[in-house]
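Both complexes shown next keep chain A, but they swap its partner, so chain B is in the first and chain C is in the second.
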Partner chain A sequence: MRERFANHFDPFVIPFLVGMAFVLGYYLIGMIRVILQLPKADRKRFLLTLITPKYIWMNIRDIFLNCLIHVKLWKRNRVLGYMHSSIAFGWFMIILLGHLEVILFVPERIHLFYYPIFFNYFVAETEQTIQGSLLMFLMDFFLLMILSGIAIAIIKRFASRIVGMRRTTRLSLLDQVGLYSLWSIFPLRLLAESFTAHISGGSFLTIPANWIFRQFLGNDLNALPTWWAYSIALGVFMCVLPFTRYMHIPAEMLLIPMRNAGIRIRHPRKGFALLEVYSCPACGVCIDACPMSVRKVNCKDATVYLNRQLRRGNERRIEEISDKCLLCGKCTAVCQVGVQGPELRMAQRARRKYALSPSYSGINVRPMAAAVAHGAGGDSGGVLYFAGCMTKLTPSIRRATTSLLDKAGVRWQMMDPEEGLCCGRPLMMAGRSEQARELIAKNAEIIRASGCDTLLLSCPICYKIFKEEYRLDGIRVVHHSVFFEELIEAGRLKVRRNGDLKLVYHDPCELGRGCGVYEEPRKALAAAGELVEAGKHHAESICCGGSLGSLTLGFEQRRPMTQNALDNLTVADPDQIVTACPLCFSTFVHAADRPVRDIAEILDSQS
Partner chain B sequence: MVNRTPVIAIIGAGIAGLEAARQLNDLGYKPILIEKAPVTGGHVAEWNRLFPDMSPAADLVQSLESQTAKVRTMTGTEIASINRLKDGYSLILSDGETLVCEAVLFATGFHLFDASKKEEYGYGIYEKVITNRDLEQWFNTRHDPRIGHPKAVGFVHCVGSRDVKAGNTQCSKVCCITAIKQAIEIKEEFPEAEVYCFYMDLRLFGKKYEDFYIKAQRDCGIHFIRGRVSEVGEAIDGRVVVKAEDTLSGKPVKVTLDLLVLMAGIICNSDAQHYAQQVGVAVDDDGFLKSRDNVGAIVESSRPGIFFAGACTGAKTVPETLAEARSAALAIHRYFSKRG
Partner chain C sequence: MDFGFKLNPSSAVNLDTVDRARYDRLVQLEPDALTCIGCGSCSATCTAAPWSGMSVRKVILGLQRGQDDEVDSMLSRCMLCGKCTMVCPRGINTRHLILTLCRLNRKGEIVR
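Here is the complex of A and B:
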């Protein structure tokens, strides 16, 4: 290899350089801003992880697997997985190999930013070597890989159903500029390299292309304009990048280390939240996943649009989207980047100023505490069962639960036989965590007074907050589905299996995605009947539509969501629909065409 | 089909169907009553006494039945399908018979809301919770182990009606007055008992209804509590504990009762929707059949030869239903007269 130009420069590299300088500058400033916006404790924690070897390795691995290979997307949809990893990994390899070429052949030019990118323009092939042709081959190979990815991207844009997506996002103007410049970069590179392939050399893609072009063009006059076009496409892409969805590429590289460090969203517009918003690639997977999307008008309330509005600062829409959401968490479950849609919305709700803020600190819990302390006969240990408001409205669940406890010979007492306080989760969901904390303190006082060693809950809404926010040192917090499964396993609860009873299990949002309980209820149900699965289940189960999460959805608007969830549950034509949440239960009862039961009822009737 | 006496298939032999059959028979047509149940009379046949005069429901049903004795009545018969013909309809019945008729009158009535779906009220779970229909049956048969000798009785209005959560936003119209009627009857039966009515609004629009209400309050000492019941629990002795809010005093109330009666509301008949679909008649958003005009043509559908009578188009009282049945008979008569 020898260099073709004495001054190692041509004006066509300027658009690329401008774009590169702009995007790097922007990213650096943004990164510093995000880190500075973190609360002090979080910032310290994050910076510490950056120098801890365990975290360094974890970060490198996660960035490689998620940003370049897109492992999560592969698992979900192979076509989309191939499309993304071919472009990301291919591009990464082209840049890497470009640098390798420079190091191998013209090491004195490595300090020039543009040299690895436009290598083929600046050099002429003098002799063919093994490593030279191997590099050339790899360059062409990865270019072909990217081009195949771009081809899928073009098909996806015009017919998203072919790649398995029902709906995709509507792009903003700048997103379109970014998209078309990205699409044009690689075909232009192919053209540019092909035009100079007889000088700089090439491989299986560029050499034949060069030969074809020379058949009817016959001169090299097209080479320079094509290299210009290639550079301009790169420059345009990088200049618009910060204002488009492609910002997710650099943003995710900071998001992953921060998430690994355990940083949480504290403010809807600052720090970690800002990073999540910018990490959203606007792929639109959350639109199909969102239970609200059965109504076409609600498609624009998916998390992808919340992120867009947060970037634009459209306050009216941000509030509307934040309040409407059911907080079922499915968008996070399917999100490739893991944007926490519900947490963003709850942080947004917490910003609201209320004219009236009731205080619960004045509630006297001493009688309630005395009642449970007395009920236990002063003994410590045993199970304290908190039915909560939803189970109180579904007496059949409470009755079945207490009956099962008796059958298994468990020593138990009720925490709220007469009066009871709210667990605080609904307030938490509404963003009123201060009031929720007051209730948490009150309930904790009652629980401690009881001297129990296990707190049993039949409502996943309660279960989530008792598990996550209560400090009940030493007391086990357990959901009834898990507790009964253990009793069956231990042989304390005898359940007769009825093989003719076909049951489908509905994963409640708060229990499944919220607390990660999927298998225990299924195991318990399999002991009572034949378990079939819904169309979408486990982490992708569809919210019943009754969620307390939404502050503004009316019953009429929720009905089609409930119907959709039921249609999904009945694909295998079960005899009964079983859930483990009193709210899902009472939502389904009014719309289902077959019996809806709680897991406790099934177990109670079969034991 | 020309030059024969027009045959009119009447779906449902409740009071609407019977009354319409009587009128059509008198007008010289050939009505045929098709009833799913083994007996005629519909919901009214299950009731004991009717407001406002406390006249026995059985008298009304018997009188209607005796006056339609000549009308061909097919009880225990369901309709497998209805098809449109060129100038009439053909009905395929569950016994395999095909009935060709010139007009169809929907007198399909309503369904009573399944109170066990409002689980917070505990119907089907707690021993001492019954519905308005159960109570009427007790008045008829005097046999129901759940009732006994109650000392405190509660009535919950609007169970499954005016309730968007239960999917029925419409008012059932008759339950306010039925609850008052039943409360008075309970008070007469058990003079020592305290009787409570938990209501949202009292909609006492009909003749003598207001008098009933005043009688209940003044003469019978029935307690009216404005507020919805939030929760029903069961005490250890099997009595029911009702928690509600008295929205007039702004305070929560809690009473322990020996009997709780749920005023299950009127909802659309799903069979009627099914038939309506087959003949191409529109169903309204509330699930009831859609009249051609809700003011001027309640008994007419948008399709020629299909007519409505009674509660298939919405909740109605007994006199309203009877009036509508006559009106439907006249509308059918006009339809055939015009056709000549």
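Here is the complex of A and C:
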């Protein structure tokens, strides 16, 4: 081992140093800004987790698994998983090994920022020692790994279908500069190291390359230009990084600890939301996932484009995208980073100013409360069934549910037999959460007056908000699909199984992705007939298109989405389509070519 | 171009005291409102109707007649449940129509 240059410096490191200083400075300022923008309570909570051992371990593990290994992506698509983890993990290992080399061989140079990166230029190492040959082998190994990843990336860019993506994002100009500079970094590193391999040593990749180059490029003068090119590629990449999608690399490292600390989006442009927007890698997985994308014009309304417009501050488009979304949550389910598209949009909707704000404080709920209190006969306990406003349009669900309750011998009463209030979820979705709180208070008053111990809901839209936002101290909130499954399990509800009846279950967005209820409805249905699965199911089920989440989508625009969801449901040719949501039910029932039924109806007809 | 004659501006005197600025602006923003046939499906399905008298049909009518107070009191009871949109035979996005109306002040300007 010997150092090649007495002054330990060469001007070619300057582009790298400039880029590095710029990106670190930008990241540091951005990080402080995001933390300062958090509400005070959130900020305190986040900073506390940074010094709690349990959270420190969790953060390190999650950053390692998600940012370097890309575990979630591996589970989804192995080719894409390999591509990302080879580049991220390989690059990380090269940087790590570079530092290791400096520490082992020239520890007095560790303060030189560029030494680990350009080690082979400044230090001539021999592969004769076991240390040297091992490190050089590892260096070449990880470089080869990165190069294979880059090769897949190039193929993907020009033929995304090969790696299983139908659509991918259109890159902006700066994104393209970032992309091409990233692609060129590693081939240039290979060239640079190959040109100096006969002086500084190398391994299975660089020594043969060096031999080939020397056959027709005889002298060492080619070495310096390639090192310059390598450094410039690094410099360009880091200088454009903050303005490209590659900002997700540093942003995600802050996002993961914040998410672990339980921070939520409170403002569409500040704090945690800003971090989510910058963490979006613009991979475009959400474009294929979005139920609106069946219409080509709506491809530009996917979450990836919302993030891009939020970064650009294009107000007109931000409003348009925010209002159009169905809030089905599928983009979040498939997102590798977990960008909460629906929450970003709801926060954006909440910023809107209105001349007229509804007020429900004047509503007199005393008669409604008195009716349920009277119905219970004064004694407490029993089930209170809140059918919800949507079942007014689908009375069959109401009828089937009450009939099942009677068959199982459950003591129950109805909260809204004639008139009732809305649960507040539609208001929340429209961004008017303050008004929703008023309704929540009114409904909670009625429920408490009834003295029930279980609140039964047949609408997932209601179920989500009752579960998350209501404080009902001790009253169990349960969706009817779960409740009936329990009754079947306990033997209180006898269901005859009809093996010839092929049923497919549609996961409603609010019940599945919204509340994580997937298996109970399926178990209940399996007791009534033969259950088949749709093409896309569970967390990836496709929204029926009727969602209240969308403010601007009209009837005609929703129809192709409904048709697409139905096509997905009928791949296994079921006899009947079953859902557990009155809104999905009434959307499907007008468009389907076979009977659509609620889970309660199926169970009721077979018991 | 000079034809040697011109059309006089209308000299009709509008004796209507109703200020339809809000309705005109609504029609501009939500042209679908013009296709309303007043069938009342929205009123029949309204969750808020039993205790507030809310009705989208009446809101549109009230705007044309200048019954601003009635319109505002009805709008302030809507819970945005969206059933009126689901049943509208003309496919009017009534839920968005209500939200748009809430954004307009009485002069028909969007508040910012």
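In this text, the second predicted complex is superposed on the first by the 605 of 607 C-alpha atoms of A that agree within 3 Å, B and C clash if a C-alpha of one lies under 4 Å from a C-alpha of the other, contacts with A are read in each partner's own complex, and residues count from 1 in each chain.
Just so we're on the same page, a contact is a pair of C-beta atoms (placed from the backbone, for glycine too) under 8 Å apart; a residue touches a chain by one contact, two chains touch by 3 or more.
Fair warning: this is a prediction, and the values are worked out from it, not measured in the lab.
Once chain A of one complex is fitted onto chain A of the other, the partner contacts of A:Phe555 extend to both chain B and chain C.
Of the two partner chains placed around the shared chain by superposition, neither chain B nor chain C is touched by A:Val177. In the superposition on chain A, contact is made by A:Ser359 with chain C only, not with chain B. Annotation for chain A, partner touching more residues between chain B and chain C: C. Once the two complexes are laid over each other on the shared chain, residue contacts for A:Leu138 go to neither chain B nor chain C. Legend: residue contacts after superposition of the two complexes on their common chain; A:Leu224 is shown touching neither chain B nor chain C.
Looking at the shared chain after the overlay, A:Ser586 reaches both chain B and chain C.
Looking at the shared chain after the overlay, A:Arg399 reaches chain B, while chain C stays out of its contact range.
Judged by the document's definition of touching, chain A residues 392-393, 554-556, 586 lie at the interface with chain B and also at the interface with chain C. Touching chain A in their complex are the following residues of chain B: 117, 119-120, 122, 125-126, 164-167, 231-234.
Looking at the complex, you find that chain C touches chain A at residues 32, 45, 47-48, 50-51, 72, 75-83, 85-88, 91, 93, 95-96, 99, 101-106, 111-112.
Across the complex, chain A meets chain C through its residues 323, 352-360, 363-364, 389-390, 392-393, 418-422, 424, 426-427, 430, 432, 439, 546, 548, 551-556, 586. Touching chain B in their complex are the following residues of chain A: 392-396, 399, 554-556, 559, 586, 589-591.
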